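Order of writing sets the labels: A, B, C and D. Residues in every chain begin at 1.
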Amino acid sequence: MMALFLRDLKLSVRAGGGALIGVLFFMTVVAVIPFGVGPDLNLLSRIGPAIVWIGALLSALLGLDRLFQAERDDGSLDIILMQDTPLALTVFVKCLAHWTGSCLPLVIASPLLSLFMNMNEVAIGAVMLTLFVGSPALTFIGAVGAAVAVALPRGGLLVSILVLPFAIPVLIFGVSATYAAVEDPAPFMPPFMILSALTLLFAALGPVAAAAALRQSSD
Amino acid sequence: MGLNVENLAARRGDDLLFSQISFELKPGEALVLTGANGSGKSTLLRVVAGLLRPEAGHVSFVGAADGEARPAGEVSHYLGHRNAMKPELSVDENLSFWQDFLGDSDGGKGLSILEAAEEVGLGGITHLPFGYLSAGQQRRFALAKLLVAYRPIWILDEPTAALDAAADRMFARLVSGHLAAGGIVLAATHQPLGLDGVKELRMKGFAGTVQDIAA
Amino acid sequence: MSTTSLVISKVTGLANPTRFLALAARMIPWMAVITVLLFAAGLYMSFASTSDYQQGYTVRIMYVHVPAAWLAMMCYSVMALSAIGTLVWRHPLADVSHKSAAPLGAAFTLISLITGSLWGKPMWGTWWVWDARLTSVFILFLMYLGIIALNRAMDDPGKAARVSAVLILVGFVNIPIIKFSVEWWNTLHQPASVMRMDGPTIDKAFLWPLLVMAIAFTMLFFTLHIAAMRNEILRRRVTAQRRLAARMAGRGEE
Amino acid sequence: MSHAFYIYTSYGVSGAIIAILCLWVWLDGRARQKELTALEAAGHRRRSSAKTQAEDAA
């Protein structure tokens, strides 16, 4: 399993890998917002956490469609399906590798972008923490979409459409936990705990569902 | 002992590709599937490998060690039309990944990557990215993948596609070596493999519609 | 026969880079030493200098911020010249030059953005404002990253060089925008005080350390650029050798 | 926060980025250099082994 993790990580950093593209997309999405809403610093700092979260959500979805499609295109998926190791475990490891290669850079880039949004130090820390905890859920949900769309020729866009509705709860609690950290009356812990619970839930549910979808899709 | 296939039937869409296919392969035996394009060779192989669900019948493998029946796919190598190697990674990285990921089945041990590369006649170039190689070289390393992790059953779909005459001989040597060690080979091809004493199953294609089997 | 002629044409193609490699091997140590000496002098001068009555000690950030920003633009200009070299003369060294300059440019732009933020916080009370100068520098940073991503996404270095050369030349419009943004728009960022038609307005006490640091940064850039170009040439040779090795391996069998 | 904090952070960050850059260029150069020498060594070996094969055939 370690071999699979390392191979997927290597593939995401090698030439043509998605790691750099994802971060670049994240920066570009966040950077165009001030052009749209105007450079009002107060407004930017108010909507900042939401913008950073939405940007991270969109960039996290960007490379997901290749998660299983690339394996299918070169025939590796067949061999992975045949093994007696539980398929859900294999999917889980692939998700972890994808998260480390594509989502962790987003988490690391988020403080820089939060500065551009004129957010204060507490808000920056909160965004980074909630993204760190919440983004694995996005990967696990996305894995289900990627597995469903694996056999489709142009599944890329479809994956995003399938996945976005399920990602809404993660977005809601991620953003509300961030706001709770900044604004005084609302407590930070309840939404943050729900966010963590969501990640754990999807970590258990996502690989199983994705494994079932992969089994159905083979032909 | 060996690979057991009973009354297998499979379909593509509503058409039944084959039905009532039964055969048994003991250790050291090989079966070659021949037939025209679209006669269901690949489908039969995928059903045996457990990648497709059969319409009827079942496939099982009984190992020498425990005597228990288990799905044949778990103890098989499957070499399809595509090589299951990443062009971005080097040959060495590809092979060592599959070696670690697959592991050895009971009753045998895989070769080291260096030995496997020597076996397929491409010893010196395992450090090259897989994408740099020609189609024939890529196919040879896909065959080397069968050697790095031990599996008693080899399921090969058009294994000699893109191979030249010298590589054909190399392939025949690999297969007879595997058979001599008590392995089982199931291969689909439309060209002679240069193997002696193997069974042959001629696939005819289209065996009726799904309603026939229900009746 | 055909492979031999191919090898010969490859060798003549590499003749220029070969001379470059020899030159680079001799120049890099000297340039590195000069860079280190200049940095030692520049750092000493900048920490020994007096403070500005308006900006206090933070004026010392200027000694890294301004040279880095200046290099961010100069690096892009070097890349644009190389891009012309790629498109007009199809010189192999030009491809190598603009490909290996992109990561350096991105790094210097990042330095100028970060030090700018660290200067802006005590001076303006905020890390970042979306004014014309800062925004255009940030866009420059994104362009550098885009060029790097484009270069990495393509397998064939020759094709990648031509496509990214076009992108570089299109993006060059951003450079005058950065340069004149402080004059064209009313921004928080202070206007240029060194590079002016009517001579520098900056106090002599700040000018000298700034100049030494600017020269040190420029030397650093050229040292790194030549070293990175050498790496890129070596990388291409490795690739060529590997392809050759793959072809030879097949022939050895017969 | 004191001004010294901003000054030293900016010098520190710049120094770190430049150090990473220098290290990357240096390590990249060494790795490529090593790959090239390894390839050349392998090339010599193969050429000589091919020659012995030809001699065997003759």
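Note that a contact is a pair of C-beta atoms (placed from the backbone, for glycine too) under 8 Å apart; a residue touches a chain by one contact, two chains touch by 3 or more.
Not measured: the values here are computed from a predicted model.
Participant: Quick check: which two chains are joined by the most contacting C-beta pairs?
Facilitator: C-D
Participant: If I average the CA coordinates per chain, which chain comes out farthest from subunit B?
Facilitator: C
Participant: Using mean CA coordinates as chain centres, what's the gap between subunit A and subunit C in Å?
Facilitator: The answer is 33 Å.
Participant: Mind checking the centre-to-centre distance between subunit B and subunit C? Centres are C-alpha means, answer in whole Å.
Facilitator: Each chain's C-alpha centroid was found; their separation is 53 Å.
Participant: Could you grab the centroid distance between subunit C and subunit D? Build each centroid from C-alpha atoms only and quote it in angstrom.
Facilitator: Averaging C-alpha atoms per chain gives centres 20 Å apart.
Participant: For subunit B versus subunit D, what separation do you get between their C-alpha means, in angstrom?
Facilitator: Centre-to-centre distance between subunit B and subunit D: 41 Å.
Participant: Send over the residues of subunit A in touch with two or more other chains.
Facilitator: As it turns out, subunit A has residues touching two or more other chains at 15-16.
Participant: By residue number and range, which residues of subunit C touch two or more other chains?
Facilitator: Only 155, 242, 245, 249 qualify.
Participant: Which positions in subunit D touch two or more other chains at once?
Facilitator: 42, 46
Participant: Which stretch or stretches of subunit C touch subunit B in the complex?
Facilitator: Touch residues, subunit C against subunit B: 155, 242-243, 245-247, 249-250, 253-254.
Participant: Any idea which subunit A residues touch subunit C in the complex?
Facilitator: 15-16, 20-21, 24, 27-28, 31, 34, 39, 41, 44, 115-116, 118
Participant: If we count contacts the way the header does, which residues on subunit B are in touch with subunit A in the complex?
Facilitator: Going by the criterion above, the answer is residues 46, 49-52, 71, 73-74, 76, 78, 80-89, 93, 96-98, 100-102.
Participant: Please output the residues of subunit D touching subunit C within their complex, sorted ascending.
Facilitator: 1, 3-4, 6-7, 9-11, 13-14, 17-18, 20-22, 24-26, 28-29, 32-33, 35-36, 39-40, 42-43, 46, 49-50, 53
Participant: Which bits of subunit C are touching subunit D when the two form their complex?
Facilitator: Listed in rising order, the residues are 56-58, 60-61, 64-65, 68, 103-104, 107, 110-111, 114-115, 118-119, 121-122, 220, 224, 227-228, 230-231, 234-235, 237-238, 241-242, 244-245, 248-249, 252.
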